[in-house]
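Shared between the two complexes below is subunit A, which has subunit B as its partner in the first and subunit C in the second.
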Partner chain A sequence: MSLMDALPTPRLRWEGWHPNVVLVSLSLIMLAAFWLLDVVSMAPNRIVLGTGHGALEAFGWPGALLATLLLSFIGILACQPTHRHYRALFAAVIVIMALMPVGLMASSYLLIDPEMPQARLGMGAAYWVVLFVLLLCLVELRLRLNLTRIWPTLWLCGVALVWWLCAAFGLETLALVQEFKARDQQFLSAVAQHIKLVGIAVSVSIILGLALAMLMRRYARLQKGAFAVLNFLQTIPSLALFGLLLAPLAWLAANVPFLAQLGVSGIGTTPALIALIGYSLLPIVRNTYTALEQVSFDTLEAAKGMGMRAGQRFWQVRLPLALPVLLEGVRITTVQAIGLTAVAALIGAGGLGTFIFQGLGQAAMDMVLLGALPILMLALVVDAGLGALAEALRPGGTR
Partner chain B sequence: MIELSHVSKRFGDETAVDDISLRVPKGKFCALVGTSGCGKSTTLRMINRLIEHSEGDIILDGQAIDAYDPVKLRRRIGYVIQHTGLFPHWNVARNIGLVPRLLKWSATDVQSRVAELMHLLGLPVDEFGHKYPHQLSGGQAQRVGVARALAADPDILLMDEPFGALDPITREKLQDELAKLQARLHKTVVFVTHDMDEALKLADHLVVMREGRIVQQGSPLALLQSPADPFVESLLGGLERGLKQAALTRVKDHMTSMGPTLPAQSRIPGTFSLRQALSMMLRDHSDRLTVVDQHDVPVGELSLRRIIKEAQLDNGNPRE
Partner chain C sequence: METRVSNSLSAAQTHKKAPQWLWPLLWGALLMMSVFAMSAAESLFRWIEPDARQVIYDRAGFVTLLGRHLFVVGIAAVVTIIVGVAAGIAVTRRWGCDFLPLVAQLASLGQTFPPVAVLALAVPVLGFGTLPIIVALMLYGLLPIVRNTLAGLQGVEGDIKTAAHAMGMKPTQILCQVELPLAAPVILAGIRTSVTINIATAALGATVGASNLGDPIISGIVNGNMAYVVQGALTIALLALTIDSLFEVLQRQLRARISSA
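Let's look at the complex of A and B:
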């Protein structure tokens, strides 16, 4: 205790007042976006560019006021960041996200003339900004509340369900919904095809990658060469790789009937899978190799000293301890593959990328979104799910 | 019994262990002491074949260790290492039950053995059984390490600086517990440490190593009385050597019967060491102590003169 501690200082008054700057700023950004940017856009038909509408036009006075209150609420609570307030903030973010489609319904009611069946509503810049910033808030709150990944994800699934229900009952005017309704069968099969491509590519890479990582551990010389090749593969732009595969695969299909029967051809699923696997191998092999090598020497030496055989040491000690990092590799790979598969649509492999490229061709941005949003959601869900699994498998169960 | 005769270990051109011979009779506690890099750990790890020796013979219960299957050999030797080497993904109970499970004991046998050991090491099963290593303090973790080594009731225990990473208070406590445990279990122990006090406190047989060779070996008292060279003497603490020697001698072995004079005020239990007796004399400004038994009944007395004389006798110096 020094004398200085006993003296009052001007700073004293501000002690105990530590607002969460991140959340306060995010709240202000959302308020600014809400009032300054277009909340929704309205177009008389599919091709014509929509006209933007601000908060008052979109929601009317009461709606705009309610939205402003809700968004300010986040900033106000964040000024006194206690644990209870963080919980309240978490709930508020979820509620706002779930209310957003309801807001769209209100705009639809206010803005769209029932006499115009072709008219469609689009989400404006403010909507996207608020949605994105709310997700950032969730990330911050997850850290503050020390939550595992799984809880925010489950809540977000709930929010997605609300959006889905609103879209299905009462948001027929939303452009995205119209795009979906025009090709719902096509959409579902595209999602299925996308997941199929990613699933096959990732599972094959896991098997190949594990085998390769094992071989590298056994034959040190292989390690440098293999990493060099995989790194090189990773640097080829995806479109170029698809192009490079076209000629040799077409030749193979033409000259080896057996392969042609298996479905090998210059375009379509085969080159897409080969390219996806090529890209996926590096993160899997790298993470598997590092994961297996980083297991503490002491632990393995103890296992040996206790009389565990080589196989027992591997399966009971090395592999379980490596699993979290290994799964991290699977997570990175899967998320990467989900994105790359979109490009595979260009060589006729199908998947959600189809909508993106068709939409771009037709200058129909809503159709692009119909492809892009599910890809984003798939990536988020896989990321959260595998992340949660890796967390759960961390040594000692608990964190 | 463990016997090493003319054992050497070479790594390439480097000789880590150079022609050492030593014998640890059954039930004895042998400490290998030396500065880091002197080959003590290598010697230990050659016994359970984590390192294969290059020359000489290591005999375990009458049979050369090369004749054993290394895995089976290790399962009958308890092994404790400095950083515990506990498996972080297993709870305490599962860690302790490792070797019995490897030996294919039945689940109930493993369970009851784990409970028995945890009780023995003062870790209540209900409280600690389901904890993971990262939830334990250093001392608790090392207790689990010792329990794991004892799990299949091996005759031989190898301990590689087991308490090296602990704070002094915990270290001392665990040393005391190990001494008590050894008094009950009579394992054949080889214990590696760089802490001479630890070695003096625990060992029946002390082996001082330097640069891969044995410099001197013998009982702690023998080493204290006549260190072979300045290196051993400095390891033994130089000027403190007299006190260390006094710490190894019990009061009741040197007390005299009660004299005709009035008994001294200060009382000391007979089980205490001469070092503690000296300390008490300094504290109480007295050159005489009354020795008492466990019921605090006087049984003899101890004078400063007597302590000094005994030390002279022990050191082989003639009486004046």
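Let's look at the complex of A and C:
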């Protein structure tokens, strides 16, 4: 103890003026991106790569000035980081995000010749960078303001609504909107198919995983073997696993008529589901097992002392206490399955991956975006939703 | 008493040393067999795909494909390891700690980005070919490394650092001689995850015009030739298993060295 006292104590780093360095640098990055990169790109038709336009051409002098003011506002407020300023910053970030589609409308008005019905507007690199950095600002502000995940997510949903409204009324020239309008039925059914595949795979692997974890707790020998097999499975690349399943399933479908009647075939939903379930089992089983094992012995002993029977102890004590970690496993699995289902489009399982691979095949980048952006959003929404659920279910409240 | 325990531990580990190279050698040998002697198994592939005109993928040799695959994964791995570990170190120093919460959040958030989506988003910016796949691999492989570097460095106990400080070590010395060696197993685990994921993701590069081991799979699926698919899938799976088992051995040796030191 005396040695610790003898050491020089670390001084407080900031004395007096202490700006939030993170937000200031993020604001500078956004300003640099806005002025140096292409804000929008304009293409005469679907296949031709667009030509980029800078801030002045896209928004005109007044628009560019307004955007610069808004972006520097973040940096200026962050120089005096009080709680009130953080709240104002949060509001500013949300407002900027909601104004972004309006900016696109302005540049479509300025740049697109109404004589050219095929012309389309694309969001340039600056738009993506600013959008991404604004999300980073939100993450930083959420941490500084000590908010739970649910509020920023709700606000982002509001922003998404604004984007959607703008896209529906007044942004017909945006490439993404045109791409969507050309195949809206197909898009909706692809989203439905994607969610269906993920839902089936995750729910089946939750049931299987729970059963497997229970069995593992009973038979210790099973535990080592099962984990070895599941770990091995995760090492095999998804594309390879999908490929390797094609051959035996095609053979089964050709030689066992009963299975063919059930819908088993080499290409399509069956191999996709088998591979997805195989991949999903490991995170579920691992988290379920550790969740059930980590419940403290004393708590269980106390429950026993209160006269609870084995079944009651499991359902009323062990399972509720294990639930947050268990849900964490479900979250990881679902997010992973959303990404893997995109790959499954290659073997004809459908889903949003279809757009990605078709778009890549036709060199139509807007179609690729039409597939990739919803997948990304789906993953983020599921992640935030299940994360918030796990936070809420944690014993003793959220914090 | 202490020394006897550690002696018996290391004795047990040297006893186990013989079989620990077994798996990498086995998988590596199978990989080499599949790369060099794929055409020897022609009759087998003929049995899978009896009607096809050709059953062995021949648009590029499997050795070339393997080389390209390793090249892409290797470049991405080197860059991600340097950048990821540097970022992890930077935000745990006193001058960079303002960025710690953001980077930590980002590293866990980044796991939610599906690799296919990242790859698809890289193509419009970078065009077709090998470049987008390398960039996508870098972005995607960075996050496990950053996350594990953070976890490893934060896992070093404060008392140990205080002791090192009291011994008169400078901050750089503490970092290089105390913190990094203690965090090494966790960092290595992150590198292992990153590289394993990247081997799988690189195969997807075949869909954006990069030629690698994903090529036979994609062209097999497109042309309905199951034999191609099996060849590509088998080689990628063996490559992934070889690299993963190599990392397993590395990790075990690192752990043995730390526990014996």
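The rule we apply is simple: the second predicted complex is superposed on the first by the 383 of 399 C-alpha atoms of A that agree within 3 Å, B and C clash if a C-alpha of one lies under 4 Å from a C-alpha of the other, contacts with A are read in each partner's own complex, and residues count from 1 in each chain.
In this text, contacts are C-beta pairs under 8 Å (C-beta built on N, C-alpha and C of every residue); 3 or more make two chains touch, one makes a residue touch a chain.
This is a predicted model, so every value here is computed, not measured.
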{"item": "Winner by number of subunit A residues touched, once subunit B and subunit C are compared", "value": "C"}
{"item": "First, second, both or neither for A:320, with subunit B first and subunit C second", "value": "first"}
{"item": "Which superposed partner A:133 touches (first subunit B, second subunit C, both, neither)", "value": "neither"}
{"item": "First, second, both or neither for A:380, with subunit B first and subunit C second", "value": "second"}
{"item": "Of all residues in subunit A, those that touch subunit B in their complex", "value": "298-299, 301-309, 312, 317, 320-321, 395-398"}
{"item": "Complex interface listing, subunit B residues touching subunit A", "value": "45, 48, 50, 71-75, 79, 81, 83-89, 98-99, 102, 132-135, 148, 158"}
{"item": "Interfacial residue positions of subunit A with respect to subunit C in the complex", "value": "3-4, 7, 10, 13, 20-22, 125, 136, 139-140, 143, 232, 235-244, 246-247, 250, 266, 332, 335, 338-340, 342-343, 346-347, 353, 356-357, 359-360, 363, 365, 368-369, 371-373, 375-376, 379-380, 383"}
{"item": "List of subunit C residues in touch with subunit A within their complex", "value": "48, 94, 98-99, 101-102, 105-106, 109, 111-117, 120-121, 123-125, 128, 162, 165-166, 196, 199-201, 203-204, 207-208, 214, 217-218, 220-221, 226, 229-230, 232-234, 236-237, 240-241, 244"}
